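Below is a structure I'd like to ask you about.
Order as written gives the chain letters A, B and C; numbering starts at 1 within each chain.
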Amino acid sequence: MKIWKKLALASTLVLVGLSAAACSNNSSSNGGNSGSSKLTLWVDTEQVPYYKNIVKDFTKTHKNISVRVVQSPNGSANAKTDVGKDPSKAADVFEVPNDQLGQMAEAGYINPLSPQDTKKIKSDYIDVASKGVAWKGKIYAYPYAQQAQTLYYNKSKLSENDVKDWTTLTSKGVVGTDFTNAYVMWPVFFSAGTQLYGKSGEDLHGSNFASEKGVNALKWFAEQKHNKGVMQTSNALNQLKKGNASAILDGPWNAANIKKILGDNFAVAKYPTINVGGKNVQMEAFLGIEGFAVNSHTSNAKAASQLASFITNKKAQLIVHKEAGQIPVLKSAVNSQAVKSDPVAEAVIEMAKPGNSVLQPKLPQMAAFWNGAAPLISGTYDGKIKPADYMAQLKKLQKSIEKK
Amino acid sequence: MFRKKHVAPKATYRETFKKGDGATKLSFFLMGSNAFANKQWVKGIVFLLSEIIFFVWFFMSGIPALKLLSNLGPDKTKRVVYDASQGVYVTKQPSNSVLILLFGILAIFMCIAFIWIYYLNLRSTRNNYIAKRDGDHIATNMEELKSLFDSRLHSTLMTIPLLGILFFTVLPTVFMISMAFTNYDRQHPIAFSWTGFQAFGNVLSGDLAGTFFPVLGWTLIWAVAATATTFFFGVLLAMLIESKGIKHKGFWRTVFVIVWAVPQFVSLLMMAQFLDYQGALNNILMNLHLISSPIHFIDNQASPLVARITVIIVNMWIGIPVSMLVSTAIIQNLPQDQIEAARIDGANAAQIFRSITFPQILFVMAPSLIQQFIGNINNFNVIFLLTGGAPMNSKYNGAGSTDLLVTWLYNLTFGQEQRYNASAVLGILIFVISAVVSLLAYRRTNAFKEG
Amino acid sequence: MKSYSAQRRLSLIGRYILLTILAILWILPIVWIILASFSYNDTGFVSTFWPDKFTLQNYIGIFTNPQYPFGNWIINTLAISLASMVISTFLTISVAYVLSRLRFAFRKPFLQIALVLGMFPGFMAMIALYYILKGLNMLNLFGLLLVYVGGAGLGFYVAKGFFDTIPRAIDEAAEIDGATNWQVFLHIGLPLSKPMIVYTALTAFIAPWTDFIFSGIILSTSGNAKDYTIAYGLYNMVHTAKGNATAYFAQFVAGCVIIAIPITILFVFMQKFYVNGITAGADKG
């Protein structure tokens, strides 16, 4: 009869059988742990060259471990989704921004550090760094950099004194910034005296921005729409270059680009003070800690931990500072000459101090927070949300980010 | 040569089994034995082999796969334990429900496939039995193989494409549909369980309902507007180029086709910058003194209405060249007699267009218009690359004012929240909407006739 | 009589003016993209129509960028699109021919199933596709080729419409002369469908050059930029790390222009076949 159909199906069967076999092979090879091991390390694309050098030193001392340094699919900012797509195919060691740490730990994508390493990080690293990578009492990543936004400005147009206060800053110059970005703008709520997930940043019901203070922060956003010295832009760098903006709020990752644009007129300072709710307060920023975490699916947790620890040691942190302007978090590296003489590092370290910034919370609910906060701030700024609705909107957001 | 089509007297399987010889009886248990008895060894081997492979597979991994499918894996929570010998923590992973689900579905496919092969085996056995009973010729190996290139050519040509469709379209689609009935989300990223219609509840009446219905409304408006504008203006443009006296028609057409040809991730990503508040278009308009202050076209400060209109206009920029090309061909093939007659009767150009040309084009294009409509419901590129959903909407959950269902679906999967089950539900709902719309439309136009 | 011809002249001039304005509107953004690719840019954003400063550096940069092996991408994409072109065309044309010319029991159900399958959005299927390819250990260019080719059997609509327009009498004459179905397909069906083959082949050839989503899902895990196809590679260039978009934007635009040129030429060449296919398919109504 219809031989061909049978043939087709038979070949389907064989194919499926093969694929099933291939898969079961894959999963069973997971536990293997021999003398020599192969590791993969994910870093951002432009970091590949210098991490290759750092890793070379590592393999010199760890002869039985070979390491492949490759770029992560969508960058460390998307670690959560890249790893989540298929944790078993993700690298053994990868970079994690700390606001995703809680979710990745909860999901079981990453392993906590061993007691010895935990002790080391608590004693040798600056205080915020070890806090930034801790989740429910355990440390989940080897920190290597701190990030906080600062004010970059054009020295020829603004003086050091001009940038100390938002009012003078925006009357003498123009600040280019993005009110659609909650990472940049939310910290005004901290300046206004509210908390996100409590003092610790880990308390699910600890937020208190649905309050008079929170409304003050929203009022501040709405006022900025009418401030001639504030420019809403999706491309602050371009505006800075064209001279339309004389200052921008940006992070250390863009410092090199800004230096190129401003040349000798490059200057950096901590955030100015702002007037929220009738009080002059420091404008705050989110403090982020970048770290390397060990994939919980790795077949060689020990070697992976050694690698993660090595690529975040003092020498490595200084290389990364030199190459990419990342600000170290190891006490001895922070105190080194190279970092001390870097004005960007100085400004970021200043911003990292308590009162100037707040550590990004690590709860998994941060996902809902980012989704909800941006439209709220953006809508308030451009007037789509009316003052009468402020309280209701804040309550709605607070409720939605407390959900399990 | 004429193939004789004689209708063999039927025989039931019961009769085949009762009255058949030993090999025929054996065929009901050991597939292919009847074929071997009739020297159709190719067929026999295929049958026998598939039975052996199936049963080996079924007992080795089929049964466990199906068992696991019932609860998507027994181990729902991870355990982090300290491995003192190595001095590190290791995580004991929970069951990988994605793989369990995928292999479970594969196992079901395999079982269906085997039942079908078994049925083919029975049918072949019965036919041989009938041929023997009636003293007819039983096909030889060569005849069977030859028929693959003649009366059964369709099977030869369709096998590989069918396999491709099965593995790369049907299997993933069934997988997607199953996902909608689980709690596969941020909280259950590795091990998840069956939860029935809970995810549907979230989308239709739970926390996503406030986003779903408005986005659905805009998706439908968008699909209608995008299809209608590109079609209507495409026809007009084609008529303009085709009108009497215009020279170098090919050149004019090519100018427009270029826009269509540039890959969308290039043209649309750049268009987003072109339309930015501080972008080139606002610059040009300001320099020409057409506007006094820049316009927010598609950024977050834009009003939803302006952004939606802009998106539709940009879509016209991309879509009109295609429909222009198509209508050109139709216009060139339109019967001229009716138009001539109308002209003699004194109808002007507008009248001819309204009552003759346009209806004719519409008639010919109806099926492809419906397909375009479905395509526009799923038009990911224009929204994703151009606006990314902007302007933001504080009333929505994870979507902006220009987001379509399909881009929202993408955000739910790959964005902040990773709600896989909810996006699977959206996928199913998009399918339902597309199916309903096209069913109604095909009924209406009646143009979809089976050739 | 004179006024009539003057009126016609006027109408012609009016139409030319309208056409010119439209053509300028359509082509303006494209010109701008090309200009942008030649402009010096270190801010990741082009805010003017006419570049402030011209440079060829973007084009040199894209070919010498150590992180983004543009040359490899072109080779990968070329290989995959050629392979996909040959296989998909054969599969699509076969299916279309079979569905149009041959009659068999499974035909109608297949047409209906194909219609239904086409209505599911493809995104959710990507997760399953990823795991299927992973199971086959094919998270690479070959796996991507399978994905492109795998759906070829469903892309038969245009070609089937074309075959439907060829009179069946031709086949029947050949069958009376004793030709098998295979011979009819080979010696009559295929030669007649030359424009359709060109159209299908070009469509299949172009697809890998523009798809950045499937290629991203399948190729990104390898972490090896040398394995990317051009669409994903370029997209990835400006969509990964913070600060990357700024640094590589100008090169990205240059890269886009480079690949847009051959595709545009192919499209212009293809428009005739495209039109024939669509109208042939629609005519049966």
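One rule holds for everything that comes next: a residue touches a chain if its C-beta (ideal position, glycine included) is under 8 Å from a C-beta of that chain, and two chains touch if they have at least 3 such contacts.
Because the structure is a prediction, the values reported are computed rather than measured.
**Q** By label order, what chains touch subunit A and subunit C together?
**A** A chain counts here if it touches both subunit A and subunit C, which gives B.
**Q** What's the farthest chain from subunit C if centres are computed as the mean of the Cα atoms?
**A** The most remote chain is A.
**Q** Out of B-C and A-B, which chain pair has the most contact pairs?
**A** B-C
**Q** If you average the CA atoms of subunit A and of subunit B, how far apart do the two points sit, in angstrom?
**A** The answer is 37 Å.
**Q** Please compute the C-alpha centroid of subunit B, do the same for subunit C, then give the distance between them in whole Å.
**A** Result: the chain centres lie 17 Å from each other.
**Q** Check each residue of subunit B and list the ones that touch at least two other chains.
**A** 99, 155-156, 162, 167, 276, 278
**Q** Which parts of subunit A, given as residue numbers and ranges, touch two or more other chains?
**A** 20, 23, 234-235, 238, in rising order.
**Q** Could you check subunit C for residues that touch two or more other chains and list them?
**A** As it turns out, subunit C has residues touching two or more other chains at 45, 47, 127, 131-132, 135.
**Q** Flag every residue of subunit B that touches subunit A in the complex, lowest number first.
**A** Touch residues, subunit B against subunit A: 42-43, 46-47, 49-50, 53-54, 57, 61, 78, 80, 82-83, 86-91, 93-94, 96, 99, 103, 106, 109-110, 113-114, 116-117, 120-121, 123-124, 127, 144-145, 148, 152, 155-156, 159, 162-163, 166-167, 186-187, 189-190, 207, 276-278, 299-301, 303, 390-394, 396-398, 400, 414-418.
**Q** Where on subunit C does subunit B make contact in their complex?
**A** 8, 12, 15-16, 18-19, 22-23, 26-27, 29-30, 32-33, 36, 45-49, 91-92, 94-95, 97-98, 100, 102, 104, 107-108, 111, 114-121, 123-129, 131-132, 135, 146-147, 149-154, 157, 164, 178, 180-182, 185, 209-210, 212-213, 231, 234-235, 238, 253, 256-257, 259-260, 263-264, 266-268, 271, 274-276, 278-279, 281-285
**Q** Contact residues on subunit C for subunit A in the complex?
**A** Contacts found on subunit C: 42-45, 47, 66-68, 127, 130-132, 134-137, 139, 216-217, 220-225, 236, 239-244, 246-247.
**Q** For a test of understanding, state which residues of subunit A touch subunit C in their complex under the given definition.
**A** The contact residues of subunit A facing subunit C are 18-20, 22-23, 26, 40, 42, 44-46, 48-49, 68, 70-78, 82, 85-86, 89-91, 234-235, 237-238, 240-242, 251, 253-254, 256-257, 260-261.
**Q** For the complex, give me every residue of subunit A touching subunit B.
**A** Listed in rising order, the residues are 1-17, 20, 23-24, 27, 80-81, 84, 87, 103, 106-109, 111-114, 116, 179-180, 232-235, 238-239, 244, 294, 296-297, 301-302, 305, 364, 367-368, 370-372, 374-376, 378-379, 381-382, 384-385, 393, 400, 403-404.
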